């Protein structure tokens, strides 16, 4: 579905143009076309391939979707794949994808499986004509910047999730089983986020370090800034993973400690039953000569001694922290 | 066993040729021969070595089989070893091997221990004469692309296997012992797949980055595309391994939790027995003066108190989640 | 909040200057201005941006705060971000930030969320005019040196914390639950410190190895010295992490050992009850012909045998280390 | 002990020569001497040092023995240290060492603490005069190839050992204690093999990649082949280690599972005793009014109810898989 | 404290010289001064700084002590920091430090917190005038060689310690608690040794690979030899660490196994008590009609059946390996 299609010159928007006019504008030097598609169909992609003269392999990747984040050069064209991450209402991560084709005088962005809109990126670019003069390279920067900035709330949500689990773990407010399930689910999410961000970090480097693609020339500081943001995200993820792995180990220790506490508790209560049972057994013996049995206060004394010894035991267990 | 033997020129098939004619066609410039063998015998290999003038060490590797995936240059010739992976009916992985010798005007592929056919690769090449014009380098690309594409279903099968185990783990539908055996078996399979794919990733780089073998010149984007697919596979495997290791740890926690639950359950039931036994012990004592024993309702009261206390205990244990 | 604003020439302080005069002094060759701000507001930052002509992206980073430690070049300007670490009264780590903009003839430092003062750095610089002649590059060195030196007491505090936990672990002075919570909290702190220091180590290298920014030229040994201190810190952290991970594992073993000891203890005491109960049970049987029951000393003998066997058992358990 | 000492020219053996004649032959261009010693004594080593003019430090290493595998250049001379691995009758690994000094026209090999003979290497070389023409560089290749080929059976033995342990683990044919001891012993052996092979892999690279020592020039493919074999070995070891680490974790899970199963079993049997004991306790009470006691069938009914309830319990436990 | 101060020329000792004469001798070409201090005080250090013209930062490092091992160049001067490791009588590791300043014609060594003497290094140098001709570079080599050689006995002591723990672990000669404490202590020591040796390995490389400091020129093989020894040490440590980590895991398994064995044992003995108690309970019931009670041999038969069933159970438990 075509979202937007406009031509720009000297940092100013010329006009919204019809799809058929694209190839005309692409010819004009000092002018570039910016097209945005959403969940494009095979037919639309094929038209775009012809209008812009895109490389077969890149278009095939875009058609198949589910690529790893990457930046590839096909001659003068850049093909950029990024993941779009959202937290849905159930705290699950939704992964969308944005594929961007960037040439000297065009930017074509294809957004798939995501509701994240990039209209504000277009607004920002049009508000900053002194930067938009850089042409398609600045549009790519603005798109990447917007994508990467959306990663931060996702990471922060995962960090909060971990903190909640930690609280539950140490205060015993949640069961060990719930904790371990939550830790595992978090690990799964982290793995997803990591595989959306780490490859992008690795690949962004080629936009500002060493030999740089033609469209990115002169924008060194801007792409380095994206790299810097990505690195922060990636390091946050690594730290989270590290802490998470420790949390899983620690949780196992906590389970063992609880287990041990319950064993003690039950064993202690067992002793409270076993003691009177033993005394009762003694006075249940059938010896002819058991003087206590004849005493008037034998029975109450026996009962009293049972209770007394249980109280004694109970106190000791209490003191030892077992009950 | 000779599967196929044909000569190509200018991207078009010239003819199926007999084995003896190979050396004639190999002489002709602008022409290349494409030979496919299956489970070749020592004699066939020796003939091929002579027809194409292959290097002794490469042929020895092909004869021995069970090589690691690799790409080696012997002068102008490329020697490529790849693994062929299939899931058999019992969800076990079968590892075959394809060895490819590529020279300026020949491609010789040897397939061993595998039923994966590459006839469709030949079809594809013959349908794309504008690419087949690249010569043997494109055939190599098409073969590699086909091999690598077959890895995806295997990885996906392993991912599904993991998800099934996870479901069983958390829903208690399968026993802890089955889970741990399944996790271990999955680890074993992952190790196999990893050792079939990771070395290939490392070695494919030399076909498009930096100095490139003569036969691959001009196909930069195509070999990079294979690298990209392989990287996706390798990263998926790494993610799987990582999750799998966590799953093994988590499973241990779940075992401890279950163990603890059962300990509690038994201890609770033990108390339900111990309580009446203690009371019965008391009234089994032989004191002369035990007024309760004379009461008409002593016995039913004693029984009632046993039942009442057990109900009380049972409720408490129930509330605590132990029973 | 403006803390300090002064101009220097030839290693000597010229004068404290008003904020408006900054741009005048910055023009003069052989002279540099050193401005220190604390928790700067947006307006102050904007003024500074204009006075010094700072790059938009760097100022934006400073405005947002919470950056990773880094050193970035914007043309001739260096932008340095460092974390300030303090242990507060509750042994928690407080993270502040210092952002430094360094040009050929200015140093602008912005300190945020921290009470660590850098007045002593200014004193030191003014006491060493032969070094201050190096200009803004030496001021940057002096600031970095001061920041890095503050990391050592934090690391040492964490090392002591680990040693205390270790003592508690092996002497059983603290509970397993406290130990595991303390180990986890320490892990968390270590992660924080690591993410404040490791990125700085990686980035400091560019101030003395290979091509060096203009302001740092000739100060090779000084920046290498900072690198050396940072490396010591980073390696100490790594060693701590490593030992900490082992401590968490070891603690799990200790929990298991204690658990096992308690199981033994309770089982042993259980036997001390079960033995007399069994004997009492035997003499509670109602057989007509039980000669012992008629003996005058039957009862005391039975009691004695109970006690004797319990003493025997108790000794054996004692010897085996179970009680 | 001198094993062998011969001179070669143009790929042909000239003659077995006495030790004293070595220095004469070493002078002659196009001719090289190949000497093999076994467990050499200090005196022999000293003689060789003089005959060949070996470097002091290399000779000292050879004298001390127990070196890490390495390849060092001393001017034109290569000094190669490799480990010789054998499985002895008790499935223990014996580590021997072979030190090789290679110059333009000599090869001196010193074998220590090993029964692996290299006579077949000499035979192979003499059977392939077209390769032996390469001179001492080919002899070195042939020796290294022979050493590396002997590593494969050792690795395979370790793989089989792991598979046996796995079988025992999952079929319960061997005890948990035996499994864990076997896994640990295997880990130890793997560590030994790894430290014999990995350093060699790292160092072999210098014989075919980049600048190559003079004696190895022109043998690129051959040394790369050794590298390839070594890499296969090293990767096999890494895979083994990885699986082994998982096996140790899995074994711990299996121990926990078994432990849990036994706890259940005993607790279940405990209930089978506790139930009749409780009933017997009830009918052992001394109330005057217990009508059941008067019934003619009271006793058999009581016994029957005990048995019946135990059968009931037994069935439930059986069904739950606890007995 | 000044230990030694002598001047050398052409590989020969000229004379012991007074401290004040140092600067005179340092001027003379082809002559070098070798000074050794032990636990130097601030004053001594300051004098040396002036005599030799040492760099401020290096002297400050030496004054502070507790540096990481490192090799730094200050202009033509080398500043080398190494750790001195000793095992004291309690098998604890004592860490001393030796700081060496090396210039074209001087060597100044400062030894701190260690009793390891280097007089034998001076002896060795004076016995090898043909090497001592290399000047201060050879003295540095000899010192480093001596320091590194002292690491071997420390590593070997740690290896033996591990082997002792292993023996205790598998033979049950030592308690699980002692094992785990010993393993942890060993881990601690290994961490110490690793942080004394690994940084040195990394830094030694600059003395023989690539561009080499002036004083080390021509001694390539000698410094590489030190590197080789250090690498052996570092790899031994890594192997030890790896085995140690496994040992800690294995020990946890062994604890679980023992725990399980004791659970079985106690449960089995529990059954041996529970069985007679149950039978006694049955014959303690007060039914009027219990024919066995009337039999003359009822009592002995009951006792006999108790004993018989216990023997039966005992045998079964014995067979199952539980007792």
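By letter and in written order, the chains are A, B, C, D and E; residue numbering begins at 1 in each of them.
The rule we apply is simple: contacts are C-beta pairs under 8 Å (C-beta built on N, C-alpha and C of every residue); 3 or more make two chains touch, one makes a residue touch a chain.
In UniProt terms the chains read A, B, C, D, E = Magnesium transport protein CorA.
Only a predicted model underlies this, so the values are computations on that prediction, with no experimental measurement involved.
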Checklist entry - Between subunit B and subunit D, which partner chains are common? => result none
Checklist entry - Which angle of rotation, from 0 to 180°, maps the CA atoms of subunit A onto the equivalent atoms of subunit C, to the nearest 5? => result 70
Item to check | Averaged-CA centre spacing for the pair subunit B and subunit A, given as whole angstrom | outcome: 25
Checklist outcome for this item: Distance in whole angstrom between the CA centres of subunit B and subunit C is 41
Checklist outcome for this item: Residue ranges of subunit E touching at least 2 other chains are 249, 252, 256, 259, 263, 270, 274, 277, 281, 284-286, 290
Checklist entry - Taking chains as nodes and touches as edges, what kind of graph is this: line, ring, star, complete or other? => result ring
Checklist entry - When the cyclic arrangement of chains is written out from subunit C toward subunit E, what order is obtained? => result C, E, D, B, A
Checklist entry - Tell me, which parts of subunit B touch subunit A in their complex? => result 166, 170, 221-222, 224-225, 228, 231-232, 235, 239, 242-243, 246-247, 249-250, 252-254, 256-257, 259-260, 263-264, 267-268, 270-271, 274-275, 277-278, 281-282, 284-290
Item to check | Touching residues (chain side subunit E, partner subunit C) in the complex | outcome: 55, 57, 67-68, 70, 72, 74, 176-177, 180-181, 183-184, 187-188, 191, 194-195, 199, 245, 248-249, 251-252, 255-256, 258-259, 262-263, 266, 269-270, 273-274, 276-277, 280-281, 283-286, 290, 292-299, 302-303, 306
